[in-house]
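One structure, pasted below without further comment.
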Amino acid sequence: MKKLLADYPVTIETPVAWGEMDAFKHVNNIVYFRYFESARIAYFEKLQLMRFMEETAIGPILASTQCKYKYPLTYPDTVTVGATVSAIEEERFTMNYVVVSHTHELIAASGEGIIVSFNYRENKKTKIPDIIRERIFALENSAPSP
Amino acid sequence: MKKLLADYPVTIETPVAWGEMDAFKHVNNIVYFRYFESARIAYFEKLQLMRFMEETAIGPILASTQCKYKYPLTYPDTVTVGATVSAIEEERFTMNYVVVSHTHELIAASGEGIIVSFNYRENKKTKIPDIIRERIFALENSAPSP
Amino acid sequence: MKKLLADYPVTIETPVAWGEMDAFKHVNNIVYFRYFESARIAYFEKLQLMRFMEETAIGPILASTQCKYKYPLTYPDTVTVGATVSAIEEERFTMNYVVVSHTHELIAASGEGIIVSFNYRENKKTKIPDIIRERIFALENSAPSP
Amino acid sequence: MKKLLADYPVTIETPVAWGEMDAFKHVNNIVYFRYFESARIAYFEKLQLMRFMEETAIGPILASTQCKYKYPLTYPDTVTVGATVSAIEEERFTMNYVVVSHTHELIAASGEGIIVSFNYRENKKTKIPDIIRERIFALENSAPSP
């Protein structure tokens, strides 16, 4: 399982809730985006992005996201969700996600999100601040979280 | 169906979403509290409670809530959710809810919530402001919403 | 608003729930996938796909889905969600979605999903049955739902 | 924290998800019922109630539930949710819940649910089977889960 998560510097772990299964008796498709979000927020915390946002009014906006479903999750199970930044452009970066089932030791889903750098004071897109860019590089070059 | 909602001055209507059913193929038990919340917020809007809160820092807090499940909802269906204030004390009031199934023309669930008047500036419970009390009385004595 | 939905033969309408907003005071990103799902299920109903599935064990699986966020939704509002099939291959079809805000009369989000035809008895992908293919064509060539 | 959970033979632990906070920046009131449900299902698993249900068609139905909110949860945090059966009657039992915040080491919420024994074949309430009653007693007299 560690191998499946080797490329993801930030991971979170969460139990599958019985109540998140739908009438098909699989974890409902929208729950995977909650998993992605939780990993994304954990990644932002490692960047201290929220504090930076309070000070500068420059913060992230989710522009788009997608999920590929590979193996249906069911209760009971626990998942580890990994997040990594795979590309950085001038005003946006791409985050990749993976959801790993502990019970089955395989990838249940993978996905990605495009996050845009936004100036909330001026209400428009803006360059990713250098310090955030540096923190992303540092985090990506660190060892994966245990 | 109108008869079932006759005592509820505020109602909202919402379709049952397929994805809100759980593995038992019934609308999951927590969804009914979302229905209650939507009716409660609609009631608060009729009181202009949110605007009052911004001006005075005195607003509502949900202290407790409960639901009695009477008839299991399934997709497809639409529900009307009614809200009424059934009791007012010095610092709190009681709101009663009812969830009516359009398909079955019966009460799927009923519930209540205790809402406390809270001063967010002083961080403590406070007397329900007279103007809010009057608006509640006026709303309760009005005709039910169509 | 009708113009925005002209290409979508199936639409559903749902109120925005206050409780679906997150700490950023926008409708949370995962809720849009619930909207898509509700439109997808409504489309399936028009195809009588669930009944077909019970009789033949051949039914749909969501292989992937994505959403592009264009304008943040807030409470109070109502959305109309449109669904259309934009491409059909041998064993899969692509569904496109659009979420239209009534308050702002604009597209809040668009998205797509890849739906695979699956034989649940043999546990493998299968050709889209001709009758389902025909129903999709008929539905796509019909007038938009009112 | 162990002291707060001493009376609860079954506990589950789950991280607070950022996306479960609402526009008031607190964990939304309905999420606590998801916590209760997860603890309830974990309790049912200890009773092997689901297997019993498949064999006999006698299973549990949630008749009512309530929650008292004591301290608002926020992200980041982790909660432990405890469940205990506090009363057993002929055809129903009462389950009590507690939600403990790890960050604050206090009870964020408590609640209860009434669970009715139901014969799904005959579609009516039924006596709690003796073997289930015995398993409840055994579980309640066991040491708390670690």
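A, B, C and D are the chain letters, set down in written order, and residue numbers restart from 1 in every chain.
Following the convention adopted for this analysis, contacts are C-beta pairs under 8 Å (C-beta built on N, C-alpha and C of every residue); 3 or more make two chains touch, one makes a residue touch a chain.
Keep in mind the model is a prediction, meaning the values are calculated, not measured.
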item: Which of A-B and A-D has more C-beta contact pairs; value: A-D
item: Centroid-based (C-alpha) most distant chain relative to subunit B; value: A
item: Centroid distance [mean C-alpha coordinates] between subunit D and subunit A, Å; value: 30
item: Chain centre separation (subunit B, subunit D; CA means) in Å; value: 24
item: Centre-to-centre distance between subunit B and subunit A (centres being mean Cα positions), rounded to whole Å; value: 35
item: Subunit A residues counted as touching two or more neighbouring chains; value: 18-19, 28-30, 34, 37, 75
item: Complex interface listing, subunit A residues touching subunit C; value: 28-31, 33-34, 37, 61-69
item: For the subunit D and subunit C complex, residues of the former touching the latter; value: 18-19, 21-23, 25, 28-30, 75
item: Subunit C-touching residues of subunit B, taken from the complex the two chains share; value: 12-15, 17-19, 34, 37-38, 41, 45, 75-76
